[in-house]
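Order of writing sets the labels: A, B and C. Residues in every chain begin at 1.
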Amino acid sequence: MNDDARIAALEQQVAALTRQVGLLEDTFAVRHLQFKYGYYMDKCLYDPIIDLMADDCEIHFLGGVFRGKEGAGRLYCGRLRNRFAGGTDGPKPGLLMDHPQLQDIVDVAPDGLTARGRFRYLMQAGTHYTTGTAHQWWEGGLYENTYVKRDGAWQIQIIVPKMCYVGYYEHGWAYTKPDAINNLSKTFPEDPYGPDELADAPLVLWPQTDILPFHYPHPVTGEPVEMEK
Amino acid sequence: MNDDARIAALEQQVAALTRQVGLLEDTFAVRHLQFKYGYYMDKCLYDPIIDLMADDCEIHFLGGVFRGKEGAGRLYCGRLRNRFAGGTDGPKPGLLMDHPQLQDIVDVAPDGLTARGRFRYLMQAGTHYTTGTAHQWWEGGLYENTYVKRDGAWQIQIIVPKMCYVGYYEHGWAYTKPDAINNLSKTFPEDPYGPDELADAPLVLWPQTDILPFHYPHPVTGEPVEMEK
Amino acid sequence: MNDDARIAALEQQVAALTRQVGLLEDTFAVRHLQFKYGYYMDKCLYDPIIDLMADDCEIHFLGGVFRGKEGAGRLYCGRLRNRFAGGTDGPKPGLLMDHPQLQDIVDVAPDGLTARGRFRYLMQAGTHYTTGTAHQWWEGGLYENTYVKRDGAWQIQIIVPKMCYVGYYEHGWAYTKPDAINNLSKTFPEDPYGPDELADAPLVLWPQTDILPFHYPHPVTGEPVEMEK
């Protein structure tokens, strides 16, 4: 092979490696993004959470869909910040909101501009007896999220936190009433912290066992693994 | 340095980078494979689990060894599917089988064809009171697995789920009887869903504290860290 | 472009790729290092833990700072090994010390010689009723650690295990007394297993909710996310 051909071959290989390395860096960036979301949620840092969201974000939460920075603001900086943090960012003594994030499956699109991620969370939450009202619960769930890379930074575009079970500490998940969670029923502006629209289907908790669809095919057969009831 | 020497140096570097990048991609592929196993186990998707297994797979479960697709089928699609999913794939209302997977240490062999992985699981399981029988437990354990890459797809070749403790929700792990778990005692075909053979040693639960051997040496000294009692 | 220019461009690209791939390998190495720390802690393998530490290590534990291999030895092979493992390395029947490690955010410095890592742990611990004293607890916390690469091997330089809550199994985290944990109060040699010095501030448990500072800026804005009370 002459020099020209060898150089051309190298150019092709280096271009391929550059794409592959970029996708590996992106995979780490996306999982770190989601893990940072979890660490901010631990501490009721809702302004930083809004900054993780893309301008055209969608948050699917308790049977509602919140759209854009405004919708995200109503959910995180309105509804959640008022409920869990007394209206100001930052953790409040006596409130536990730990949001461990794990079991990440991140798939970055070949163009390096969008990604899908499946994650699990396993929450420890409650209020301490010294606040006057002891309350404590376990909560487990999944995410199937979409991410976008804009101006060089990965952001959360669609976030679907699928709560699967809630277990009050004293009784455990086996005794939680099927209707323990209230889905959102009013949209904004009727509910000032409400969603832009209601979801097609409400969130159902265990004992229901619907499958949150997998964004990826089976890793060996390449076939979709379909929802089954 | 003349052009020839520079090109030759580049060819060597690019070959080395190609190997390194391949191993990084494989590391992600193997951890994703194991994490997908966990997500399928959550939902009693046993046919997809069989498809994750290599033709010459070995599953070390409750003191038995199940070999090949047939053995894997007896375990997942016979024993477990009958016990936990009423004989058909997919989750059943009122049954919780969450299998979080975490703390992955994946080492891909230099040839990129086999890999070893240590993982942990931390399970939430049970039946909901609305089924008529409330039952709930925590379960923690480890895996030391072997993976193979065939036809471009990573598969599970040897899977060793080492249950470490079981804690019934009402009492916790400190009160579980040492003989709470029944090891398998009969092989196939005497037990139609039995293993091909019994393991050399039965599975022992906490309060026993045997170490599942580490597939990797100490990361600083390079020496093996031996089992100690 | 002539051959010379093409070769020069390739040399630059390959140099950049080599740095990027090195950082990806280092990222995996550091998270594996921390995960291996967790697996050794599970099993009271304190000598291997000392071998994970850099010669100039610092361990920030319960309001004390232990320095260097000698300080680390007093903590792990003195205090902890005597308390949890009867003075010898290895797990003891009836004692559970599971230290799951998760939610890793590892940032390797551009020179590939130091790294920072944030991790979470979620512990299951206790003594089994067959020992005569049943005792069991949940414990959750964070790490913000510094790692160094020396002689080609990543080591732990500064480790800050920030215990956040303790929940005795029978009562849960909501009922743990605020002063349930005793901070270290005497230094070495007055306390033969004591720290080299006391920390500026004692460890405070939930219901306190101080934020362990993030080693990284916000991933989208690039601004620090400050501690808030």
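Heads up, the rule we're going with is that a contact is a pair of C-beta atoms (placed from the backbone, for glycine too) under 8 Å apart; a residue touches a chain by one contact, two chains touch by 3 or more.
On a predicted model such as this, the values are computed, not experimentally measured, just so you know.
J.: How many degrees of rotation map chain B onto its copy chain C on CA atoms, rounded to the nearest 5?
T.: 120
J.: Same or different, please, for the chain A to chain B contact, judged on whether over half of the interface numbers appear on both copies.
T.: Mostly different residues.
J.: Between chain A and chain B, tell me the centre distance in angstrom, where each centre is the average of that chain's C-alpha atoms.
T.: 26
J.: Taking each residue of chain B in turn, which ones touch at least two of the other chains?
T.: Within chain B, the residues that touch at least two other chains are 3, 7, 10, 14, 17, 21, 24, 102, 122.
J.: Can you check the complex and tell me which residues of chain C touch chain A?
T.: On the chain C side, the touching residues are 3, 6-7, 10, 13-14, 17, 20-21, 24, 27, 102-105, 118, 120, 122, 138, 140, 164-165, 167, 172-176, 178, 206-211, 214, 216, 218-221, 225, 228-229.
J.: What does chain A use to touch chain C in their complex?
T.: Residues 3-4, 7, 10-11, 14, 17-18, 21, 24-25, 28-29, 32-33, 35-36, 38-40, 43, 45, 48, 51-52, 89-96, 98, 100-102, 122, 124, 126-131, 134-136, 153-155, 169-170 of chain A touch chain C in their complex.
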